[in-house]
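Labels run A, B, C and D following the written order; every chain starts at residue 1.
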Amino acid sequence: MSRAKVISYSPWVAHFNTGACNGCDIEVLATLTPLYDPERFGVKLSPSIRHADILIVTGAVTKKAAERLKRLYEQMPRPKYVIAVGACAIDGGVFSKSYSVVAGADRVVPVDVYVPGCPPRPEAILDGILQLVQKLRSGGVSGGSK
Amino acid sequence: MTVDKVIEIPVSLEVPIGPQHPALHEPVMLKVYAEGEEVVKVEVNTGYNHRGIERLTEKNSFYRNIFIVSRVCGICNIVHSDVYVRAVEQVMDIEPSRRAKYLRVLAMELERIHSHMIINAIMAEILGYDTLFMYIMRDREKVMKAKEILTGNRVLGDYLMVGGVRRDLNEVDRERLKNILVKLEPEVWKYIKVFEEDETLWKRLRGVGVIKPRDVTLHGLVGPTARGSGVNIDARREGYDAYGEVPFNIIVRSDMDSWGRMMVRWHETIESISMCKYILENLPSNGPAVPDETRLPRKFPVGEAFARVEAPRGELTYYVMSDGRQNPYRVKIRTPSFNNIINSGFSYIGHTIADVPVILTSYDPCISCMERAIITDLRRGERMYLRFKDLSTRLK
Amino acid sequence: MGKPSLIKEVLKWFIGRPVTIQYPYEGTSIEDRFRGRHFADLNKCTGCSLCAIECPADAINMEKLPEKASVPKNPRRIYPVVSYSKCVYCYRCVTICPFDAYVTTNDYKLAGPARLYSRDYSLQSIRGGGQ
Amino acid sequence: MEALSELLKEYALTTYSVKPNRLVIEIPKERVKNALKVIKEKHGDTGIYVSTIVGTDFPDKKQVRLDYYLVTHPDDKVYVLRTWLSREDPRVDSILDLFPGALSGECETHDLLGVVFEGNPFIKREFFAPTDVASKGVFPLRKDSGV
């Protein structure tokens, strides 16, 4: 946001719940509503994963959802970024030792920003999104190249 | 050539909805079979959210489990920890103080307000009424603030401990909570008016997803879903915690459709607000509400307990069994959504595809609560439909 | 059945000031008692490991103190390191600690490209630790 | 409460209670369905529902315990029907035709504990358990499952 541009990039987000407790999901939803309003930065919820630039992953990635997560990531257009929201999506949180959990989105797809918290506040999620917006605007490394 | 046999080929369409879908923010997959626009069969496929929590509780100690079971469901986390904590207290023969019981009810009712508001907001979004969604979500932030003041976190409170609650409420915060609730009530009445009068909502919700009272009990549906069909089920009537002392009305409506279920939720929100106000005004001061966690007993007697609670989505039950060791021998969780979503496949049949998300949302699905399952809908067998695949095999 | 009754509300906000908080240019109000980042104060910690045992997410690891660190009472010279990415902020460690050794804050700004740990915050609480 | 235990007098082996005040009636496994039929006839279609089915594994007794938690309404009383199955071959009659609401509970108990409900066409593995656990033939809630 340092340089003013006539045309700036508006990343759209898609949200995928990989077995979360809904705590993070309602906070992601709260982030998208009037009080925090990320549309000020051009960020809005995209209707389909094929239109999205940022994938928000919530939840302890269950084995069944892990396949779907990988498939969703492959369907995204480049540049693509992934935000892992909540303790479960980062390291499995309290479910890390369960038999049906992969524990960690970064074991399935490359993650660009981690937002810790259980669940994180909407401000923290907005922080995470803004870091990516800044990265995009400053011409940072394109995601998904790893 | 005479025609002796006519084979009617139904044009059956298979529409998968989910697990990632613009209209569903939950990891559930509804496989809808439709003939034209009419839904003929629905399969509820989940299991995307099975985290093996019951097994996990057997591997962790009684106290650690309090925090694990609150993460079964983020929206109704205090209810989950309350019912588990009460079951453990019954095994251990501990009785919390009266003040702690009132504070527990306060936390649970705040949770009910925010849960009912969010599902009504999501319903508005699914109907395409985004303005209403945004307004309800704006006012819901007031409740989130109240939860933050009371429990220390917006969503996951981690508010309960065996023997009481984990933080007390001081006078300043009590006044602030009261102010928030006073400001919230007129807003809720406004939305009730919108739901009652708006033509858009009326047309999309009335007569959609009708469930008869007999089907409710046969299929074990609970909570607002049952109360919207005129079945008077409410676990709060048992009078656990302070529910025996706080006055409240049970909202029962006989509309039987999606609209009736949403209205039950709105009127329960009003009821919860007045309960919270009553608690804040009549908070007893006898006995400490916060137990010293370092001094809680480390020995657990042998025993079993079965506790019920009325979660925002309906009756939630926990069965806890101890064999005298540090870890519970068995914890069985039966969440309301587990019954409401899996057993309600019959109610989609005959409606259009566009109504499927509406009906699902009117049950207030909490897939994380369900935690499990791939279930095929119980066919009532009135009409027999064949899919192309089956047809080809049958013709051979 | 009447007209869409939300129109009055919509018009009111159409001319009024938006409700949006201009975050991050403007702060939001966070409760003082919000459960945010926390770390062990090594002046009080005795290395008893109770917090690591009781943590429901297993987010606390006991690590060896560096050579230079001078701690008043810690015979085994180990201290808890909280992984902020795995921590669920239930504050069980804070309430179970027999020596009240945890410092709690309402800091929630933890988003970043890497995992975070409480190591530096803990070591800064004693002389010779932070360097 | 007395009414129900009176009603099931001929079926019951023993009666006791689970905290807090839940009457438990132990019934031999062959007669579970009959007992539920009697109860349903007493309360009617709208008077009772199956709240939950709890299966517990007891490896040292070589048995699996099955509890049916029934809730009556509008008076909201909870009763427990308890039965014991052998661990090697846990079989019991399905109550799906009496209580369609038992579907979710029966399917779950089958997948996680391996109890076979005879007459329920919907039970199968991988309902809840992930593929790798189910393909090994392991039931996660058995105490010796090792998951």
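Just so it is clear, a contact is a pair of C-beta atoms (placed from the backbone, for glycine too) under 8 Å apart; a residue touches a chain by one contact, two chains touch by 3 or more.
Please read all numbers here as calculations on a predicted model, not as lab measurements.
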item: Result of counting contacting C-beta pairs for B-D and A-D, higher pair; value: B-D
item: Intercentroid distance (Cα basis), chain D paired with chain A, Å; value: 42
item: Geometric centre distance via CA averages, chain B-chain A, whole Å; value: 26
item: Euclidean distance of C-alpha centroids - chain B vs chain C, Å; value: 30
item: Set of chain B residues in contact with two or more other chains; value: 47, 50, 52, 55, 67-68, 71, 138, 156
item: Multi-chain contact residues (two or more partners), chain D; value: 129-130, 140, 147
item: Residue list for chain A, restricted to those that touch at least two other chains; value: 34-35, 62, 64, 93-94, 97, 99-100, 118, 121
item: Chain-chain contacts as defined at top; value: A-B, A-C, A-D, B-C, B-D
item: Complex contact set, residues of chain B against chain C; value: 60-61, 63-68, 71, 131-132, 135, 138, 148-149, 152-153, 156, 158, 161, 166-167, 190, 193-194, 197-200, 202, 293-294
item: For the chain B and chain D complex, residues of the former touching the latter; value: 47, 50, 52, 54-55, 90-91, 213-214, 216-221, 231-235, 237-238, 303-308, 315, 317, 319, 321, 329-330, 332, 334, 338-339, 342-343, 371-376, 378
item: Residue numbers on chain B that touch chain A, as the complex places them; value: 19-20, 22, 25-27, 47-53, 55-56, 59, 67-68, 71-75, 77, 118, 133-134, 137-138, 140-141, 144, 154-156, 366-368
item: Partner chain A, residues of chain C touching it in the complex; value: 18-24, 28, 30, 56-59, 83-90, 108-116
item: List of chain A residues in touch with chain D within their complex; value: 62-64, 99-100
